[in-house]
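Two complexes follow with chain A in common, the first pairing it with chain B and the second with chain C.
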Partner chain A sequence: MMAEGAIQAGCKFFAGYPITPATGVFKTMVDQLPSSGGVALSAPDEISAIAYCIGASMRGFKAMTATSGPGWALMIESVQYALITETPLVVALVQRLGPSTGGATQGGQGDVLLAEFCTSGGYTIPILCPTTANECFELSILAFTWAEIFRTPVILLSDKETGMTIESIDYSRLSKSTSQNRPTNFAFRDIGEFKKEQRRGTYYFDSLHEIPAFAPVGGDRKVTATGSAHDKQGRLQKNSPETIDVLLHLEEKIHWRSDDFSVVKADLQSGAKRLVVSYGVTSRAARDAVLKARSSGRKVSSLTIQSLFPVPARKISEAMEGVEEVIVAEENFRGLYRSVIERHCNGRKVRGVNKIGGMITPQEILSAITG
Partner chain B sequence: MKSHEIIIAGFGGQGVLSMGQIIAYAAMIEKKEASWMPSYGPEMRGGTANCIVIVSESKISSPIVSRFDSAIVLNQPSMEKCDSKVKPGGILVYEKSAILQPPKRDDIEVLAVPALQEAVRLNKKQIANMILLGAFLERRPIVKPETVIEALTSVLPERHHHLIPLNKQGLLLGIEFGYSKHTVVA
Partner chain C sequence: MEIPVATNGMEVVYRKPSTLTETPFHYCPGCGHGVAHRLLMEVVEEMGIQEKTIGVAPVGCSVFAYHYMNIDMQEAAHGRACAVATGIKRVMPDRFVFSYQGDGDLAAIGTGETIHTVNRGENILVVFINNAIYGMTGGQMAPTTLLGMVTSTTPYGREQPVMGFPLKITDLIAQLPGSYYVTRQAVHTPATVRKTKKAFRTAFEYQQHKKGTCFVEVVSNCPSGWKMTPVESNEWMEKNMFPAYPLGDLKVPHPILSQV
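== the complex of A and B ==
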């Protein structure tokens, strides 16, 4: 469904290297993308796969690759290149049990921080995290929208259980909101938040948060792309005020819009003293647990975070109103995302439900709610 | 039927995952909600494999559950794992030739099916899983046999479509076997 969402979003280029549990995305793209007028390639390795995608995107095509933990480790260098060259790109990262080759056919939610903090400099990379087949489709479209209009790599972070489970969905009810109806590949040309001037370089902005106009390689303007620190025209420069501005801009364009990046599903109950926070496949167990707890008369709220980064701080704070204890359920042993949102909990008690090597069951979350 | 949770477990190559897929697709054809979650080792054949299938009248939240309404077991290691996870009143169907220690529970229905033996008799070992599936569906009619046959076209790759009649034969054999056991367990 991630692949089908990508095609619906208008993705025209896919390159990947097969890896369980992301092979489903690879296979669907190879099967279906060509008939939608796109190109799908099997690359010799993950480094080439992502580099092909960056090239296609620089030429003006919406591009995506898909991998799992070990492949992601190889892609990290190139993701940074996409980030500094402001190249739109979607990476579907289907998590499995780590570290290293880990458990090829076992699930996990252990790449959350590796995905987010993979850049030197600690830049924010938007991460979307689907919980169901429906959401794989819809968040895939959203990932493309964000990648395109903010000129950034976006990670679609799922897990083995979400990526490989087959489930029934109603195609007719899937959102068609951001389909191929966009007039160009690059919607920001139409949102009018900057002055487009032909003579200016492809990285030009007035204030730090502005998104520069995209010019394709091979188009009518000169385009310089470099992984080195550069000025607004893409020329390599060291420590000039303009270069530092470009580096600050890379973060500010995301940070300034943090609230636009907030996607959560809140199921709040008034008077609830406990809030269960979860993401990905664990949210489905959490939903079951919360419903069971309520049916036995307990008051409990639930928050599913779909946009893990930038952290949807305002929506988390809203969900925490009146709550005394926060329970964060995730399939890793250290409580990776818990460590991120703890600072937004304002001194409330924070507990984790953690496990590796198998999914967290509704019963395990229920015990935490009632315990 | 509100929601029916099934675990199917055995070795890779026994048709464990496809059996689950067939149930899930058949449920979908019958406009029920379905989820199929595979779990297997890195080996293609010989490793352990299982899948959890949920068929429901309403939306399914968690694809994983801790206790099952039904279990279909194809090897001894899986028997040891699944035996205790069947809810009281549930059913445990197993491949007779693969199980050395049959389950001892008396609060569930237990059905030993000589599926492999029957399949070998037909000279088609690979339909043993359909015989098991038929026997199971006879006892727990979660989906109709007609839709199971229909589902085969989605689950089997096209190059195997010529085997659909054979699979149908296996399914019917299983159904007959399940039916013949009615008096024993009633």
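== the complex of A and C ==
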């Protein structure tokens, strides 16, 4: 469904490398993308796969790749490159048990921080996290919209269960919107119209949060891109004031809009003293647990976070009103996302329900709610 | 495991080498991995080097090689087997070190490591199992996949304009001055099995005399990935794989230089 969502979003380029549990996205793209006018390529490794995508995106194609933890480790180099060159890109990261080769057929939610904090400098990379097959489709479209209009890599972070489970869905009820396109003042014209001078180049902005208009490579004017720190024309510079501005802009363009990135599903009960926070496949267990707790007369709220980063701080604060204790359920042993949202809990007690090597069950969350 | 049979007056001519563990192979019926594992371990047993041999396994079907080969086995990250083997050999030059890799591991994600390991002439044996497909992840196109061959990522067959040519990496390896002995064999008939075993033996002997990288490709089958019975897959391999990957030595040492 992530692949189908991508095609619906207008994705025209995919490159991948076989890796369980993300191979399904790869196979669907190879099957379906060419017939919808796109290009799907097999790469010799993940390093190449993501680099192919960046090249295609630099021409203006909506591009996507899919991988799992070990492949993500190899892609980090180019994700950083996409970030600093402001190249739109969607990476479907289907988590499995790590570290290293880990458990290829074992799910997990252990890549949350590895995905978010993969850049030198700790730049915010938007992360969307689907819970069901429907959401795989819908959030895939949203991931493309964010990637395009904010000119940034976006991670569609799922897990083995969400990515590989066969589910029935009502096709007619799926959102049929496409994703928005990147802002551009520049047209792709014939080579004869090429202008040598750069005029307000690819990275031009007035205020730090402004998204520069995209100019394609191979277009009507000279375009440069570099992974080095650069000025607004894309020319390598070390630490000139303009270059520092560009580096700050990379974060500010996301940070300034952080409320626009908030996607959560809140199921709040008035008078509830406990709030269960979850994401991905664990949310399905959390929903069950919350319903069971309520049926036995307890008051409890639930918050499913779909936009993990930037942290939907306002939505989290709203959900916490009146709450005394926050329970964060996730399939990793350290409570990775718990460590991120603890600072938004304003001194409330925060507990984790954590597990590796298997999905968290509704019973385990229920015990935490009632315990 | 001792099987109680009357052996009075009879000579044992065939038995499992002590260098294989008791674990039954998990490989699909008809797969060549089991035979290749066994041959390698027979050579290790015959040369009496079990305690001195260290293997590096890839990511792929033979990721489980350590279950079966009763020697020190390290599994490397995907594609990095030759690089890890380099590190091991450099600090223990008196040990016999080999990597055991499939086509995806060696000729796709590990191309760089493979080429540079051979180019340095690392004194190791590289065993390359080429079945022209990614077996473990469910039959995707590999660099060695033949033109026209159907895989799950080339549902209409591999087309050269889109997916390029089958990569004859062993031919490439033979061109590098660091490689000492390069050969391409198979394991689907008694005759090919004997030749492959001889190739492994030769390679380990060269390693003993510090001759440089020995590279043994084993053209093999993947009945599951190819969607064929074991017999069909072997017939298909003879008819299609061998013309693209002809068996035989690609590089043998100069007769005078090779005197050991």
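One rule holds in what follows: the second predicted complex is superposed on the first by the 351 of 371 C-alpha atoms of A that agree within 3 Å, B and C clash if a C-alpha of one lies under 4 Å from a C-alpha of the other, contacts with A are read in each partner's own complex, and residues count from 1 in each chain.
In this text, a residue touches a chain if its C-beta (ideal position, glycine included) is under 8 Å from a C-beta of that chain, and two chains touch if they have at least 3 such contacts.
As the structure is a prediction and not an experimental result, all values here were calculated from the model.
Student: Given the superposition on chain A, are chain B and chain C in a clash or a fit?
Tutor: fit
Student: Return first, second, both or neither, reflecting whether A:285 touches chain B, chain C, both chains, or no partner chain.
Tutor: After superposing on A, A:285 lies in contact with chain B but is clear of chain C.
Student: Scan A:165 for contacts with chain B and chain C and give back first, second, both or neither.
Tutor: A:165 sits against chain B, while chain C stays out of touch.
Student: Could you say whether A:229 touches chain B, chain C, both of them, or neither, answering first, second, both or neither?
Tutor: So A:229 meets neither chain B nor chain C here.
Student: Which partner does A:363 contact after superposing on A: first (chain B), second (chain C), both, neither?
Tutor: Touch status of A:363: first partner only.
Student: For A:105, is the partner it touches chain B (first), chain C (second), both, or none of the two (neither)?
Tutor: In the superposition, A:105 contacts chain B only.
Student: Using centres of C-alpha atoms, tell me the angle at chain A that chain B and chain C span after the overlay, to the nearest 10°.
Tutor: Result: 60 degrees, to the nearest ten.
Student: Touching A:247 in the superposition: chain B (first), chain C (second), both, neither?
Tutor: After superposing on A, A:247 lies clear of both chain B and chain C.
Student: In the superposed arrangement, which partner chain does A:45 touch: chain B (first), chain C (second), both, or neither?
Tutor: Only chain C is touched by A:45; chain B is not.
Student: Identify the partner contact of A:76: answer first if only chain B is touched, second if only chain C is, both if each is, neither if none is.
Tutor: In the superposition, A:76 contacts neither chain B nor chain C.
Student: Rounded to the nearest angstrom, what is the minimum C-alpha distance from chain B to chain C in the superposition?
Tutor: The answer is 6 Å, the least C-alpha separation in the overlay.
Student: Where on chain A do the contacts with chain B and the contacts with chain C coincide?
Tutor: Dual-contact residues (chain A): 20, 104.
Student: Which residues, counting only chain A, touch chain B once they are in their complex?
Tutor: Within the complex, chain A touches chain B at residues 20, 104-106, 161, 164-168, 281, 284-285, 287-288, 291, 359, 361-363.
Student: Can you check the complex and tell me which residues of chain C touch chain A?
Tutor: Against chain A, chain C makes touches at 59, 63, 75, 77-79, 104, 108-109, 111, 134, 136-138, 140-141, 143, 152-155, 162-163.
Student: Show which residues of chain B lie in contact with chain A when the two form their complex.
Tutor: Per the touch definition, chain B meets chain A at residues 21, 24, 27-28, 32-42, 60-66.
Student: Looking at the complex, which residues from chain A come into contact with chain C?
Tutor: Checking each residue of chain A against chain C gives 16-20, 23, 26-27, 30-31, 41-42, 44-46, 70, 100-101, 104.
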